[in-house]
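Chain lettering (A, B, C, D and E) follows the sequence in which the chains are written, and residue indices restart at 1 in each chain.
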Amino acid sequence: MDIATIVGVFLGFMVITTAIVIGGGWQIFIHLPSVAITIGGMLCATLIHFSLPQFLGIFSIIKKTIISKIPSQAELIQKMVNYAAINRRDGALALEQQINNISDLFFIKGLQMLVDGQESEAIRDIMSLEIQNLQERHSTGKKILEFMGAAAPAFGMIGTLIGLIQMLRSLESPESIGAGMAVALLTTFYGALSANLIFIPLAGKLGIYSKAEVTAMEMIVEGVCAIAQGENPTAVREKMQAFISQGRREEVKANI
Amino acid sequence: MDIATIVGVFLGFMVITTAIVIGGGWQIFIHLPSVAITIGGMLCATLIHFSLPQFLGIFSIIKKTIISKIPSQAELIQKMVNYAAINRRDGALALEQQINNISDLFFIKGLQMLVDGQESEAIRDIMSLEIQNLQERHSTGKKILEFMGAAAPAFGMIGTLIGLIQMLRSLESPESIGAGMAVALLTTFYGALSANLIFIPLAGKLGIYSKAEVTAMEMIVEGVCAIAQGENPTAVREKMQAFISQGRREEVKANI
Amino acid sequence: MDIATIVGVFLGFMVITTAIVIGGGWQIFIHLPSVAITIGGMLCATLIHFSLPQFLGIFSIIKKTIISKIPSQAELIQKMVNYAAINRRDGALALEQQINNISDLFFIKGLQMLVDGQESEAIRDIMSLEIQNLQERHSTGKKILEFMGAAAPAFGMIGTLIGLIQMLRSLESPESIGAGMAVALLTTFYGALSANLIFIPLAGKLGIYSKAEVTAMEMIVEGVCAIAQGENPTAVREKMQAFISQGRREEVKANI
Amino acid sequence: MDIATIVGVFLGFMVITTAIVIGGGWQIFIHLPSVAITIGGMLCATLIHFSLPQFLGIFSIIKKTIISKIPSQAELIQKMVNYAAINRRDGALALEQQINNISDLFFIKGLQMLVDGQESEAIRDIMSLEIQNLQERHSTGKKILEFMGAAAPAFGMIGTLIGLIQMLRSLESPESIGAGMAVALLTTFYGALSANLIFIPLAGKLGIYSKAEVTAMEMIVEGVCAIAQGENPTAVREKMQAFISQGRREEVKANI
Amino acid sequence: MDIATIVGVFLGFMVITTAIVIGGGWQIFIHLPSVAITIGGMLCATLIHFSLPQFLGIFSIIKKTIISKIPSQAELIQKMVNYAAINRRDGALALEQQINNISDLFFIKGLQMLVDGQESEAIRDIMSLEIQNLQERHSTGKKILEFMGAAAPAFGMIGTLIGLIQMLRSLESPESIGAGMAVALLTTFYGALSANLIFIPLAGKLGIYSKAEVTAMEMIVEGVCAIAQGENPTAVREKMQAFISQGRREEVKANI
């Protein structure tokens, strides 16, 4: 569960809402036709830009980014070191009982191949393909979110142009001008807010999450392959630690 | 037939049209001189930027992107595996009857060369050139659409400047100012709408379509070359599956 | 003669002029001081950015892009095949009479070196340097046009700022405000129009023209070197065809 | 202590404050709700974009950039040459007493490994990892600051849109319009000022500081490894001078 | 002395000044507080972004770009050919008398090393480092000028925001509004003018000057090294001519 994302979105909307409520007249900020132009237009452009499966896949990727948990690196190393010890003492088959203790599907798949007696190179090939697959899905997700972050303000501006043209058509009294322009500006407001508070930062978070998850997966691959080659627990630990920066190794050691 | 593109364009125009009709005064949004400045100016700039054949080719590429169908990967693999079996059992000449069952011209060309007894390397060379050719045409098409997406708002702004200057020349009554500015803003509206709902997303779709079509073509090349080398159906399947991400292989298997 | 460029510029100005004339008051759009600020300022910035010879060379490059003719690829191949046949039958010296039939200076230079009995490698070295030279000149030309396309709107905005400040200094009557703003906006109009209808598209065309001319020159080098190595007409044709995409070879064959 | 940064920030705020005070009505420029929208919104977007540890780490990086001192290159070389002499005369153990004279933790770590008798290659591996680690932290810091520099004006614009919509809702008297717009523009002002005077230049300074610190660290690695290989003082000096540009070597020599 | 730069800056200011004087009320365009905000703010941001020595070095680089003279390539080649002849006839020591005829410090340094009897490789190493050094200084200078060209309009906008907020605070009469807005727009005008007429084009010129100077220096290195290897004058000429494009060699020959 990525707390920073949830806190950021929550606080961000709090700040904006408070500013709107304090300024008075919050009712004017809720205008469904303006939402329809900005978000609807943006979604249509996204649908034209990407293929249907890519478009539908983005929501599950966002959900997973926010909800799923990247396994702690210290925990990963400790588990793998334990498995290396079990493997050396009791053989690979003894690892089968450990699989139930793991929740990460990728880790389970690796251990299963280990138990099945597959060779180190075969395990690495299959698991690396899986990592590539994930990276490509994440990279497409990032591109979709970035496109949404560019299209939302564009359709906000289009909505404002429609509103302005309609308002200018009949300039009767200053009051009607003001109300008309206020409504016209709403779509620009929706577009700028959704892009800058949601789409652009989420695209960035997806990149950072993707990098962290890929590192964890690469550590699992390295560990499982080392066990498959029958290396001792110390060698397994060292191979996996190569993924952690020098500075953080102390922390990791302290946590073990 | 790419449904996402058609649905996106249709829904997008629906959303914008509804917003215009609800707001009242939809007649003002139809103004042919403004269309002429925005779209005409944009087309002229595109004509100056690109060569005449490139300019004329873009329409057929867009049409093909929307209409043509990328062959299903599962189907492609299954067909190729069948042909490998026929080739091993009855020889390459027996494949000639299968050509009638295929609609993809590129696939037909590959099979024909197989039937003609050409060697694997010769087939790969000729078909790879064809793929390069397609990629270059698609890449030029993408550049043209991206240029159109940049030129349309620019000429929209030029049209608005013309309208503003004409309106400012004679400021008599607030009503005439309003009507003048409304008309002046129309070109900016046309430019922003056509760029963000049509040209920019279509350029993106062309890129995604190009990638998918090239992958399918590369799978055909791989399959035909494997058959030409006399490999067995299982080897052919495995070579073609290398193009599909691990996660999707299960689906593909399920579909066969 | 590149018709697309001429037609594009002509039609573009037609569209803009028609819009101005229909709207009324075309006299206001002709204002020499505004032209001086926009185009003069842009030229001064270009003079500061580039060296004097680069600045002066741009006009001849543009002229050449519009006027000169890229030799037809089919014609080039056919000529070279004929020369290969003459070379094999009568020796290189017999090619001397053919030089008079060619108008392309680069082709003449290649043939002359052939007649002079220079070796294939020497010809390739000298002619490749010539191609590099042309590419660098074109690339500088493209950079200058792109800079002009960025500087023209910037000086248009500077001119509008000057006009606005002068107008705001004395706000007496709405009429004078309108006229003042109309004049102030003229420089932005000139800057946007010249950039989007002339400089930016011309920079693009220069890139496309450069690519086409370089391909033709590379085909000549390939052909002349093949003849210098005494290859037969069929081999010469095949070497030159490698520059043409598979799809266009049929056309080329049909034209021969 | 980087004086340029402190002087720049101080003078920059002085200039802006003076302009505000001279113009009169400085009280209007202090408006906490506007600060909350601009800076609060920007911080929330940054929190969504980056992970919590990255977000929290940025402040310590900025502080370190301003406060910490990059060791003088001349001093570094002189110290290392002395240590090389001590090492050749009295052995590595004699260097232990020198460690107390150094304040740079990285330098201490290198010398300690030297005293511990580790081999040149092991020292280089461990210290290079440390440098990579620092570079990655600095690069993340630069990205965060650049994102802040992009998000602050965006939330400034969002705040201005909120203010404009609220103001346009009720247009009663010119005075209230003016005051409303003045407040609405404040968020844009805060966003532009914080981005252009703080975030964007600080991101640049972080890049320049990072480059200088990495060079100093690489010089230390080179020097310590040379000593570990038992090279003589002159060879150590020459190896470290390779990091200094020819022109600055004279200065360095003069300073020694 | 780069005439294009001086003429461009002079003409550019002439054009702008004429436009201002003709339009009337030139006094309003001179407003020291606005200059202070725009140029002062920009300089402060530059001070924060770069280190103090980099910031101070930019002025000498600009001065050198405008004043110093890149040696003519034809002259360089001719001199080097003469020195090669002297070297072959009378030995390297005879070159010592020629050093007094040269004004370029880099050329003198090269000849001195030749006279001192240093080997070709040593000369190349030392002189190449010098070239790298110059390139890095020029590249930093270009980055500073480009940053100034981006920061000046940004602080211009900040100044305009300050002016607008102050003006909107008290809307009494249309005249005061006009005068207030005119002053507010001045900072944007200063920022746009200084960026587009000075900083951005100067950054471009620095790049072009840097390339030309580096080419001249590389020609000197090539020539001096060839002489050091005892090559004959013709070989020296050919090695140096490799830096000149084919087309310009005729000119160079004609000038010799």
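The rule we apply is simple: a contact is a pair of C-beta atoms (placed from the backbone, for glycine too) under 8 Å apart; a residue touches a chain by one contact, two chains touch by 3 or more.
In this text the structure is predicted, and so the values were computed from the model without any measurement.
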Checklist outcome for this item: Shared touching partners of chain C and chain D are E
Item to check | Equivalent-chain rotation between chain D and chain B, CA atoms, steps of 5 degrees | outcome: 145
Checklist outcome for this item: Chain-centre distance (mean CA atoms) for chain A and chain D, in whole Å, is 28
Item to check | Whole-Å gap between the CA centroids of chain A and chain E | outcome: 46
Checklist outcome for this item: Residues of chain E that touch two or more other chains sit at none
Checklist entry - What topology does the chain contact graph adopt: line, ring, star, complete, or other? => result ring
Item to check | Successive chains along the ring, chain B then chain C then the rest | outcome: B, C, E, D, A
Next on the checklist: Using the touch definition from the top, list the residues of chain D that touch chain A in their complex.
Outcome noted: 33, 36-37, 40-41, 44-52, 54-55, 126, 129-130, 132-133, 136, 147, 151, 154-155, 157-159, 161-171
Checklist entry - Which residues, counting only chain A, touch chain D once they are in their complex? => result 2-5, 7-9, 11-12, 15-16, 18-20, 22-25, 28-29, 174-175, 177-179, 181-182, 185-186, 188-189, 192-193, 195-198, 200-202, 204-205, 208, 212, 245-247
